[in-house]
C-alpha cells in the first residue's frame, strides 16, 4: 500500500541542496522514492528570475548523482517545481514529496501523482493548446495517484513556461504570432491557461466556456484547487496532483479552502479545522509542528481594491504586483501558522476568484483522525 | 474637558486631500481642532521617497487655506507625520487627530499632545543631540496632553530627518563629519536616536547607558511605545504622544503591546483584548469597524531569521529590507483586523526588540468600557 | 521682434524652485515672459512617479506668487512638462523657456509656441481621439510661433496623461472600456498617440494610415521630431513646438537628427555640426558651454537587440525598460556633450524608429552663424 | 612561444554555454587552452545576484565535461570571473581567455597570468588580510605571465567574495566581528581591499599608507589598473593579470587609461589611439571589429556630483548606485566603440579616482603595429 511522504527542508541559497542530501543520508527518504520537489527560491518570481533554473540545476546534479542518472535525465522522473519570490518574511525552502510502500491502513490518506505535457511551442503558451494539454496531464496524474473522484483532489500544482524576447523572436522567425509580446504578461497567460486546464479536468470549468479569448479575461472561470507557477527554465507543463485517496496509508492528510481575497484569514483557519488543528488564533508551537506544508496562491485584485480599500500593487512600477501579493498572503498565512516557510506562489489567474486563490494545508493527523475518512 | 478625535480617510494619491476636505465640510471636525495628521503614502519609504513631501505640501495648502495661514506656517501648528511605504496590501490613508472641548466624563480617555524640536544640523542626526532633544520634546508633549504618568502613554510617534548627499556635503563644508555617509543608513540612525529619546523620556532606557556608539548597535536598549519615521522633508523631530489620560472624554481608548517579531499575531490580539474586542480569529466586520487605527512598527531581524527560519530581507538588493518588513507586518495585522488601511511604518531601531516593534490600537469602546478606567 | 530664451537651472530635489527664483530675481527673465518649463525629475518615470506632480505643485506655487495668480491657474499660461527619470548619470534640472521682445535681426532664430488640448476622458487615451486633438494643438502652437513651414520645426514636446487603476474604474463605471488595463502600458499608448498626432501635423505620417489599431503597433509610422512624456499629473496634452523661424531674433538656434538606435553617437554629432560645434570627440568645455539644452528620446528595441546584440531591458522585472533606455542614451549623449544635465526622456513610441528617437540640440551660435539662415 | 587568445561570445541567458561550446567545436580554441572566462551576466550585480553562480555552475559543467574533470575541479584550473549587471544597453557575453603555443615573434604581445588566494574567513574580507593575500597573488600571476615589469601590466581583474547574513553569523558564532554588517557595503570593502592589493603589487600604493581603516575611506589611494568584482559564489580572490609582454606572440595588444569620471570619453579614445584605432568619433564598423574587448570600471562619485552637476545614484533606494554607474559608463563606452557587449563592472573603490576607474581595450593590431613594441 503506498504512502506519500512530505519533508520540508530549509535552503541557505537557491543552489543549496545540503538539506536534501542530509535527508537522504539520514535514511528518512531514498532518492528513488522522490517524485516531486517544490521549491520556494528567493528571486523576483518574474521574468528574469534565474534562481529557479539555478535551483533546478543544483537539484538535478544532486539527485542525478544519487539516482545514477545524468542531470538532464532527472526531470523525466522527478517533477521539479520552483516558485520564485520570498517577499515579506517568506523563507526559502524545499518540499520533498516521496512515494513508498507503507503499512496497510483503512480510510484515506495523502496521495500524489505526477504527469508532464510535451514541450510547448512559444505560440501555444497562454492559449487553448496549453489548456487542453494540461487537462490531459491532470487526468494522467490523477490516475497515477488512484484519485478516481475529482472531489478527492485538493491541490494541483503546475509548473509552466513563459515567453522571453528570444522565444518570441523564434516564433516570429517561423511566421507565428504569440499570445502577448509583454514577457511579464506571458507569465500570467501561461498560469491562467494552466489553471483553466486544471479546472477543466476537475469539472470546475465547462469546456464550452473556453477559448483563447477567455484566457486571462474571464475571471469568473476558475479552479479552486489550481496552483500554477511560470518559470523561464522549462517549456512544458509539469503537473503534481495532491489529494486524499483510498488505498494510501500514513499520517498525512490534505485540506483546502479558497481565499476570497488576500486577507482571508478565515479560509486558512477553515483548512486547519478540517485537519483537526486549533483555530483560536495563531497555531501554538506544538500544533504548528504538525503542519508539514501550506501552499497558497496570491495575486492583486484587478480593481485595485481589497475589501473596498485601495492597494497600490497594480500602479507600482518599482515592485511587480505579484511580489506585493506574495508578501501580503505570506504575512496572513504566517499569522495563522506561526511560521514563515510557507509555499506562497504569485499570480493566481483563474486560480480562485479575482484577488483570491486556493490555499491547501498538509498536516500530520492524530491516531483518531487517521481512522476517520478525511 | 478635552476630547481627542481620530478620523481615518483614504487617499487616492499622495496629494489627495479631498477626504480631509470632505471631513471638514461635513462638520465632523473643524480645521482649527486638528493637531496632527498621520499619513501612509505610497512611495518607497526610503531616501528618495518624494510622496512624503508631496503629501505635506498638499496638506499644508489645504489646511492653510482653511486656517487662514500661509502653507509654510501650518507645520508650526499641526504635526504632519508622513510615513512612506504601502507594500503588500497596505492602503494609503490619513489619520486626522483632533482636539476639541467634549462633554464631562469620568475615567480616562484617549489624549494627545504634540511638540517639536528645533531643526537639527546634519551632524546632529543619529547622535546624542537628537536623543536629548527628542526626550525633552516628549516631556513637553506629555505635559500638553495632561499625561503625568509615563505608564499612561501608549504610543509616541516621531517624524525625524535623514541625511542626503547634499546635507552631508553641507556639513563637510563646515568641517563637520556626520554619523554615516550612507544615506539609507542615516534613516535608521535617525529613527534609532529618536526612539532612544522616547525611551529616555518614558523611563524605559537609562541615561547612563546612552552614548553615540549605542545608537544603532545596542539592540537591548529600546522603547516599547516608540514609533519613528524618517523623511527627507524636515530637519527637526515632530513628536506626537498618545495615551489614556484622566481629564479627557469621548469614546476612544488606546492600547498597545510589543510584537516580539514580525509575525507576532498574539501581540495584536492582546491589544484588541485590552479594548474589549473579540480575539477568536480575524475581527468580524462590526468589531473591525470599531477600530479607528492600528499603528505598528516593522523591521527585519539582524540575524536574518524569524523564529529560526531564514528571511531574505537583508540580502535583497532590489527591494530594501524595510519594504519587506512593512509588507510582512501589514499582512499579519490585516489578518487580525480584517482591513488594510493600517499605519505600519518601517524601521524599528530601538523600537521594541530586534525584528519586533510596538503595536498600538485605537478603538471606540462601548458604554460599559467607557465607564471603566482603561 | 520676439526672442526665445532658454535657461538651464539645476534642482536639488523635485520641489526645488530656488534656481528658477534666483533666475527671476537676477533679472535674467521675468515671470511674465516664461511660456514653458521642462523638468527632468528624479522619480522612476513610470506610473507611480510622484516627483512629477511634486515639481508641478512647487512650480505652480512659485510662478503663481510672481504672476499674481492662484497656483491652479498657472498651468493655463505656462506649459509645465515634467519628465521623470534621471537614471545613469543624468542630472535633475529645469529648462526655462521664455519669450520676450528682442532686437531686430535678419535670418531665423529659435522660436517657440505652445498649445493645450482639452482634458481627455480615460477611454480617449491612446486612441485616435488623442491623435487628432494633438495634431490640432500642434497646428495652433506652430501658428503661435510663426512657424508656417513644417520643415522649420525641429522638436515638438508633448506632455500627456496615463491611465491609473482609478481612472480605468471611473471609465468602467460609465460603461466605457479603455485602450489597456495595464497602467504601465498606458503610458506607451498615450505617448504613441501623441507622437502620431505630431507626425500628422508635420506631414510625416499619412492620415489614411492611422486608426486605433496602429497606435503602439505600426512602428513604421513615426515622427522624427516628436517627444512625448506621460505623467499622472494631467489629463490633457500640453504641446510645445520649437523651431527656427524668420521674424525671431537672438543667438539661439535648434538642430535635430533622428538617432537610429540608442548608441547613435553620430546622430548627436550631426546635430552639433549643424550648429557649428566641433565634432572630433567630446565637446571641449568652451563648446559644451554653448549648448543650452539637449533633448532626446530613449526606448528599448522591441526585438531585444542593439546592432545585433542582446539587451535585457524587456526581460528585466526589477527595472522597467524605459529606465534602462534613458540611462543608455544619457550616457551616449554625455559622451558627446561632456555634461549630464540633458533632457533624455523615455518611451519613444512612434518617435523615431523602433529603439531610436529624435535628438535636438539648442545652442548659442556665434556672430557668423547668426547672420546665416539656420 | 606563448600566444594569448581572447574570444567574445554572446549568451542568451546566464547558463548559456552554447557559444563557448561552439567555439571549442569549431576548433578555434581547445578546452585545455582556456585559462580564464570573464562573464557579464544579467543579474543586479549586487548581493543577491544569483546569475553569477548560475553561470559558474554551467561553465564548470561544460568545461568539466571537455576537460575530463568533475565540475568542482574546474575552478582550480580556469579562473571564472562573473560580473553581474548589464544595465542600460550592455549585452551579456563571455570573454574566453586562452593560452597556446604560437609562432615566434619579436616585440611584445598580449600576455595573461592567473593566480588564486586561499579561501578567506568572513572576518578577513575587506581588511588587510585580503589586501596582502591579493598582492601576493598578483605577483604570482605576473610571474606566470612573464610580466617582470609592473609598467607592462595594463589590467588586473580580481573576483572577490562578499559577506552575507549567514557568513556574518558564522563568524559571530566563533566570536569574530566582520568589517561591516551591511551585506551590500561588504561588496565595496572586498573590492576595495582587492584593488589596494593590486596597487601594492604594482607599486602604485605605498605599504606604509595601508591599514584596515584606509580601506574604503582613503580615496586618494588607488590603482589605475585594478578591476575587482564581488560575488556570492566564492570565498577566495581569483586574479587575472593582463599586459603586453616580451616573449608572447600573436596579433592582440592591450592598452589602458584611467577615466577621471564616468563620462570621460577622452580616456577611452586615448586607449584606442594607443592601439592605432581611429578616434574621430564612434569607431566605424571595421575598426570596431578589431576591438576584442573593452573592460571598464564604474562607480558613483561620493560627493553626488559629475563635473559639478548632481547625480542621484547615491540617494536612489530603488536602484543601487552601482547599477546606475554601470549603465552610464556602458553608454559612454558604447558611444566610443559602437557596440554594447562591453565588460563594464560596477564598484570601483580604490580602482582609479573617486567616481572614475580604469578602462582597458584589447584589440587586434595590424602588421605594422605588430612589429612595434607596444
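Letters A, B, C and D mark the chains in the order given here, with residues in each chain numbered from 1 onward.
Throughout what follows, a contact is a pair of C-beta atoms (placed from the backbone, for glycine too) under 8 Å apart; a residue touches a chain by one contact, two chains touch by 3 or more.
Predicted model, so just to flag it, every value in this text is computed and none were measured.
> Work out the mean Cα position per chain and let me know which chain is farthest from chain D.
When every chain centre is compared against chain D, the largest gap points to B.
> Does A-C or A-B have the larger number of C-beta pairs in contact?
Output for the comparison: A-B.
> Once you find the CA centre of chain A and the CA centre of chain C, what distance in Å lies between them?
Spacing between the chain centres: roughly 46 Å.
> Need the CA-centroid distance for the pair chain A / chain B, whole Å please.
So the centre of chain A lies 38 Å away from the centre of chain B.
> Would you pick out the residues of chain A that each touch at least 2 other chains?
12, 42, 44, 48, 166, 310, 312, 315-316, 318
> Applying the document's contact rule, which stretches of chain C touch chain D when the two form their complex?
Contact set of chain C toward chain D: 10, 12, 42, 44, 86-93, 262-263, 265-266, 269, 279-282, 306-307, 309-313, 315-316, 318-319, 323-325, 327-332, 334-336, 338-341.
> Which of the residues in chain B come into contact with chain D in the complex?
44, 46-49, 164-166, 169, 181-185, 302-304, 310, 312, 314-318, 320
> In the complex of these two chains, what residues of chain A are touching chain D?
Residues 12-15, 42-43, 48, 50-51, 53-54, 57-58, 61, 71, 166, 232, 318 of chain A touch chain D in their complex.
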